[in-house]
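Sharing a structure, written as structure tokens. Questions coming.
As written, the chain order gives the labels A, B, C, D and E, with residue 1 at the start of each chain.
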Amino acid sequence: MIGSDIPALIPITFLAFAVLIPLLGLWKRHLSYYWAVLGATIATGFSALGFYNYISGSETIRYFFGGWEPPVGIEFVYDGLSGFIVLVINTIALFVLIHSRLIGKREFPGKVTGYYSVAMLLMLGFNGMVLTGDLFNLYVFLEISSLASYALIGIGEKRAPYAAFRYLIIGTVGGSLYLLGVGFLYTVTGTLNIIDMAAMLPEVIGNSAIITALALMVAGIGIKAALFPLHGWLPDSYSYASSTSSALIAPIGTKVAAYVLLRVVLYLFGVDIIDSAIPITDIIGILAGIGILYGSVMAIAQSDLKRMLAYSSVSQIGYIIMGISLANPFGFIGAVLHVLNHALMKACLFLVSGNLRLKEGHTDITKFDDSYRKKYPWTMVAFTTAALSMVGLPPLAGFFSKWYLALGTIENSNWLLLSVILISSLLNAVYFFRILEKVYLRDPESTDEKTGIISSLTTNEVKPSMLWTTSIIAFGILAVGLLNAFIVSAIVTMFPAGL
Amino acid sequence: MVDFVLGHYAYWFTIILLAIGLYGMLIKDNLVKKTIGLSIFQTGVILFFVSIASKWGATVPVKSDEFPVTEVANYMNPLPHTLMLTAIVVGVATLGVAFALLITIYNRYETLNEQELLEKIQ
Amino acid sequence: MELTFVPLYAVLVSLAAVPFILLSSGKPNLREFWTILAGVVKFLLVLTLIPAALEGRTIELTLFEIAPNLPIELRADPFGVYFAIVASGLWIFTSFYSIGYMRGHKEKKQTRYFASFAICLSSTIGIAFSGNLLTFLIFYEMLTIATYPLVIHSENKEAIRAGRKYLAYTLTAGLLLIAAVGITYSLTGTLSFQPGGIFGDVELSNTMAVSLFLLYLGGVGVKAGIMPIHSWLPSAMAAPTPVSALLHAVAVVKSGVFGIIRVVHYVFGPEVMGNFGLNDILMVIAGVTIIVASLLAFAQDNLKRRLAYSTVGHLSYIVLGAAMVTPLGLTGSIMHISAHATMKITLFFCAGAIMVNLHKKNISDLNGIATVMPWTMGAFVIGSMGLAGLPPINGFVSKWFLGAGVLEGDMMLPLIILIISGLLNVGYFFPIIHRAYFKKGGKELEGHTEASPFMVVPIVITATASVIFGLFPDLFFHFFELASGIAETVFNTL
Amino acid sequence: MKKRVASPIVLLGSRLLSPYIMLFGLYVIFHGHYSPGGGFQGGTLLAASLLLIRISSGRRISRIQFSDYLTTPLAVIGVLIYFGTGLTALLAGGYFLDYGQLPIPGLDAPDLRYWGILIIELGIGLTVMAVLVSIFDDMIRGED
Amino acid sequence: MKNFIQFFLIICFTGLLLFAAMDLPYRGEAGNQMNRETSITGTEVPGNYYVQEAYNDAHTNNMVTVVLGDYRSVDTLGEQIVIFTAGMICFLLLRKHEEEEE
């Protein structure tokens, strides 16, 4: 009974808590945190249950809202892929929210009620985007999540509102372009349902409106996903936002957008059309390649940890989009696996930067030194794990997505992209080992010149709620790396038609 | 050719609106003007949807006894109208958020001109 | 005794020691006890595999699949066992020696040192027992990372620069290897090592074969120190001497040459190598490396750097043997793995002992030290004689087989290279011995005696081992029998 | 603003207009089934009538009419009306938002849908009104 | 220079939209896909279904209301959430509670 309702229950949970938090916030404000965590826990439980059902052999769930079958009504589609993504994003969000209690007190005091309510709305939007099977409904959820992320970014340093405003302008243009694309598709096909439309598109292929629609949609979603030339909003937004916001939006937001791109390119248009009629994959493949290199190079040039991570996100998104653009099984596996891996790695890294910012008040890499290792040993272990995974060292998770992407490029004989993957791994190594070297080797200012002994430093680790979430995610990186055969065998069942 | 131009006449206006909106967002320095450009851009999209809903010789999609509903050509397509109700609300919400952000920006920097803002941020 | 899980235990035992080492960081004696214990247990575990290896049996253990159709696969075939014996056996000596060296030198962060060391050994044994390229790759990268803390151990500017260089080279190599493995997988659909190669039925274009081979060479060749990409090795001499000894004479570089032999004979196979002229490429590279490295060794005044260049040269002996693609050449090449390991570790131990005891790094300062450190210098003489290829030390045996391989393959050029390089070896070792024995030492030698027994005993043992294995190559570990058996399997499956 | 209270004519005029706008707003909500209209349009008109008083009379007086502490609860209640309707249908065994399954006795499915739509339109109207007023209030106060 | 790029962008965008016009159906023609009886693949065309069945399904004259409130009610819920989000955001960005209780 509950199994078939899961597609609706996940967003409903977030919605319920989003409206309850401000209501209960009038009564006792400091409970907002616990309500938010409770909501995320329940939603994660539903997602886990749903994905468990999928693994143990249940069919794709098509949930017809209002009892109207598509194309008349709107449906939520809970297939393997959307179930997987939903599980990933909700789990990450749960950990980030648990982690956020002290950061909330420090970085946005007096605003927790609104903050957690908007965070719930953000997750509602993301879940809706992933689950929905209707193009216009996707736009609505896209806007919910976008609005929420503008606000969450706007809460932060002094410069945050301006970054958020720029994101708002660019993001709304992205949403509008997507909507215009949907309009063209609707004009030509007369339906809005993805499954329905996917069946019709092969009949009308070659139509200039359809090609334009694809271009507009890719551009619109590309803005949200920070595809290379459209990434301008991302670095400022991530680096000036409060730690929790960037930890929430960076691992989840761009991933969801990349997932939507995957849906549009591989499920709506389909591999056959993409391969034969429209050369869109070549273009986004090249853009992704440039983005990977550009993001990595820019990351090397940054001196602030969060800004560096932001540029690294630009580069990592490139991997996912490159996987989509390959349009072959290995590319697909690589893209989907990298959604999971990168979500884990980026969440871990941003949580670490949150820990540092809470304790040290800054995330300036040039000030990092050996004392950090002494003060925050476990935080630094988590950081090291995530960093090594980003570099792509086996058996951590990051290696395997690179491995499948590399296999994908080899299968297409695309040596250029293969070398891009390899070079960017090296660049990743440069900017992460730079930090690791500082943290583990550089003598701190407080070192006694003569004896070389660091004076009066004791362990000053963050509070358990923050430490455990960071550590568990770091452990997750290792676990996903070792267990990725199971995950991949699940991903294999999610292939779109024609792959 | 004439058919082509006349057949798409509403569409040309859409394009003009979209271009104006884009111009406002890209070229104008004042953040409020950028917001206005954004609004025009969204309106262009809305206009596009509304224009495709029309049918020659059809009436508004409210059932009336003069026109039988079995004959679809009697009524305009209600779907784009519905969608645009939603899109309008989204636009309003976006504007609200944009102005809230502008207020916070103004409180912090006391200017809404992008050039001055960038100088002050440096 | 059921042997199936022995390779796994052998890999895991030193990993299991790491938590103990970390936990007992405050108590040096206990910490070192764990290291020694793990070393001995590991060695004994490897020894139990010898009988099976002598019979030519391969013990296979497939763990969980880490990617679909690509399991973590441990396979103790004779070649792997051979390498594992060398690596794990020498670890015990190095552990003792490390204790003496680290304490004598009052190094800081010794816990990190011993922990990294243990991980390194796990990775090395993992490399030895890898059943397929993916497993190999995983352990190979693990080795890279675990070695990094050792290279930068002294944490001064030079060490950090060396560490960067090391990472730059080895990480690049790892990436090339990923690419190569990926291409291999998409071409053949399998990654398992097989004697005689896995490209049996695959149509390879000439460009593809050559570029794939070059990718592999870039991947494993960096660690093997072949010539254009060797320069991390001399730089990495900034590390403490036991590290140089074990990792740069045994674990890391030997993993490289082990990898090259695996690639040449178990992935490509002799037939493919011959068809596309890949062995010629390899041979030219190896030959150039041998000569140039030997010449460069002359120019070094720093003892460890001279040894490092000597290592570069000798590694290419092994590569050269692999490139001959003849049974005797392969035998000689495999024999040289163990021979060079024992000899070079002796030499590095000596260098370290001199440094700890007399604080001398440069060859020009070594005048007359034989009077102070007779045992150490005696061992040094044995080691350098062996490297020059003089009987009855084990270096002679392996060179003999290399030479025989050359004749078997009817090639003139490698023979000339072997002869010249032998002379060059004599040339750059002789001045050291000359200074130590025949020049008069300065006043600063007064009051110094032999180094601590922790260091001298391992030196003497490894030097003795070199001589013993030179006289009786089949003693204890049946090195010769194993090597020729391996060559047989590789070439029989043709 | 220099004076606390603006011109009495403006205040009177807006007080005169406001109830009619409000009434029209309610009409638009309830008559949405038969003519163009509905929750959003009606809610906006309701908000307009409240905002008219707020603009003309200033904060102190307008609070008497409609306190700014009411906005958030009202908006939440509006969402909850919509949400609760959907959830009721879900709990009654149908799909989420399937008004045909609402447990109201004595009505067949089309009539249930008729009433269901009316209920949700009310919820929407409430939310839109409350949120628009609250945005206005927040902006007037600025960032404090 | 910067302006040049931006104008170029606008021109490209306009060009793309003009390109789309080539195959875009004329406005208001009954033969357009979304106005036809059945779609290309023979499935229901939602626009027609709404016109024909709205009154039968919900006894409401205004088809837009039925589509809004019933057929596509999730959109409308989403829309209500959007406006609610906007309210919460203004609350979050602009208002602050004075005292923080614990």
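We take it that contacts are C-beta pairs under 8 Å (C-beta built on N, C-alpha and C of every residue); 3 or more make two chains touch, one makes a residue touch a chain.
In UniProt terms the chains read A, C = Multisubunit sodium/proton antiporter, MrpD subunit; B = Multisubunit sodium/proton antiporter, MrpC subunit; D = Multicomponent Na+:H+ antiporter subunit B; E = MrpA C-terminal/MbhE domain-containing protein.
The structure presented is a predicted model; accordingly, all values stated were derived computationally and were not measured.
*Asks:* Which chains are shared contacts of subunit A and subunit C?
*Replies:* In this structure, no chain contacts subunit C and also subunit A.
*Asks:* Following contacts chain by chain, what is the lowest number of steps it takes to reach subunit D starting at subunit B?
*Replies:* The distance in steps between these two chains is 1.
*Asks:* Which other chains touch subunit A while also touching subunit B?
*Replies:* D, E
*Asks:* So which chain ends up in the middle if you average the CA atoms?
*Replies:* Going by the distance between chain centres and the overall C-alpha centre, it is A.
*Asks:* Of the other chains, whose C-alpha centre is the longest way from the centre of subunit B?
*Replies:* The chain lying farthest from subunit B is C.
*Asks:* Looking at A-D and B-E, which one has the bigger number of contacting C-beta pairs?
*Replies:* Most contacts of the two pairs: B-E.
*Asks:* Would you kindly say which chain has the C-alpha centre located farthest from the C-alpha centre of subunit E?
*Replies:* Taking each chain's C-alpha mean as its centre, the farthest from subunit E is C.
*Asks:* Measuring centre to centre with CA averages, how many angstrom lie between subunit B and subunit E?
*Replies:* 11
*Asks:* So, what's the distance in Å between the C-alpha centres of subunit C and subunit B?
*Replies:* Roughly 70 Å separates the two chain centres.
*Asks:* Taking each chain's centre as the mean of its CA atoms, how far is subunit A from subunit E in angstrom?
*Replies:* Computed value for the inter-centroid distance: 26 Å.
*Asks:* On subunit A, where are the residues touching two or more other chains?
*Replies:* 15, 19, 22, 65-66, 136, 140, 143, 147, 150-151, 154, 161, 186-187, 192
*Asks:* Check each residue of subunit E and list the ones that touch at least two other chains.
*Replies:* 17, 21, 24, 32, 34-35, 46-47, 50, 61-62, 64, 68, 70, 72-76, 78-79, 81-87, 89-91, 93-96
*Asks:* What are the residue numbers in subunit B that touch two or more other chains?
*Replies:* Residues 18, 22, 52, 62, 79, 83, 85-86, 89-90, 93-94, 96-97, 100-101, 103-104 of subunit B touch two or more partner chains.
*Asks:* Could you run through all the chain pairs that touch each other?
*Replies:* Inter-chain contacts occur between A-B, A-C, A-D, A-E, B-D, B-E, D-E.
*Asks:* Any idea which subunit D residues touch subunit A in the complex?
*Replies:* 72-73, 76, 79-80, 83, 86-87, 90, 94-101
*Asks:* Okay, in this complex, where on subunit B does subunit E touch?
*Replies:* 3-4, 7-11, 14-15, 18-19, 22-23, 26-27, 51-52, 54-56, 61-64, 69-70, 72-75, 77-79, 81-83, 85-86, 89-90, 92-94, 96-97, 100-101, 103-104
*Asks:* Going by the contact rule at the top, pick out the subunit B residues touching subunit D in the complex.
*Replies:* The contact residues of subunit B facing subunit D are 60, 62, 85, 88-89, 96, 99-100, 103-104, 107.
*Asks:* If you look only at subunit C, which of its residues touch subunit A in the complex?
*Replies:* Of all residues in subunit C, those touching subunit A are 64-68, 70, 108, 137-138, 141-142, 144-145, 149, 152, 155, 160, 163-164, 167-168, 171-172, 174-176, 178-179, 182-183, 185-186.
*Asks:* Residues of subunit D touching subunit B in their complex?
*Replies:* Residue positions touching the partner: 34-36, 38, 40, 135, 138-139, 142-143.
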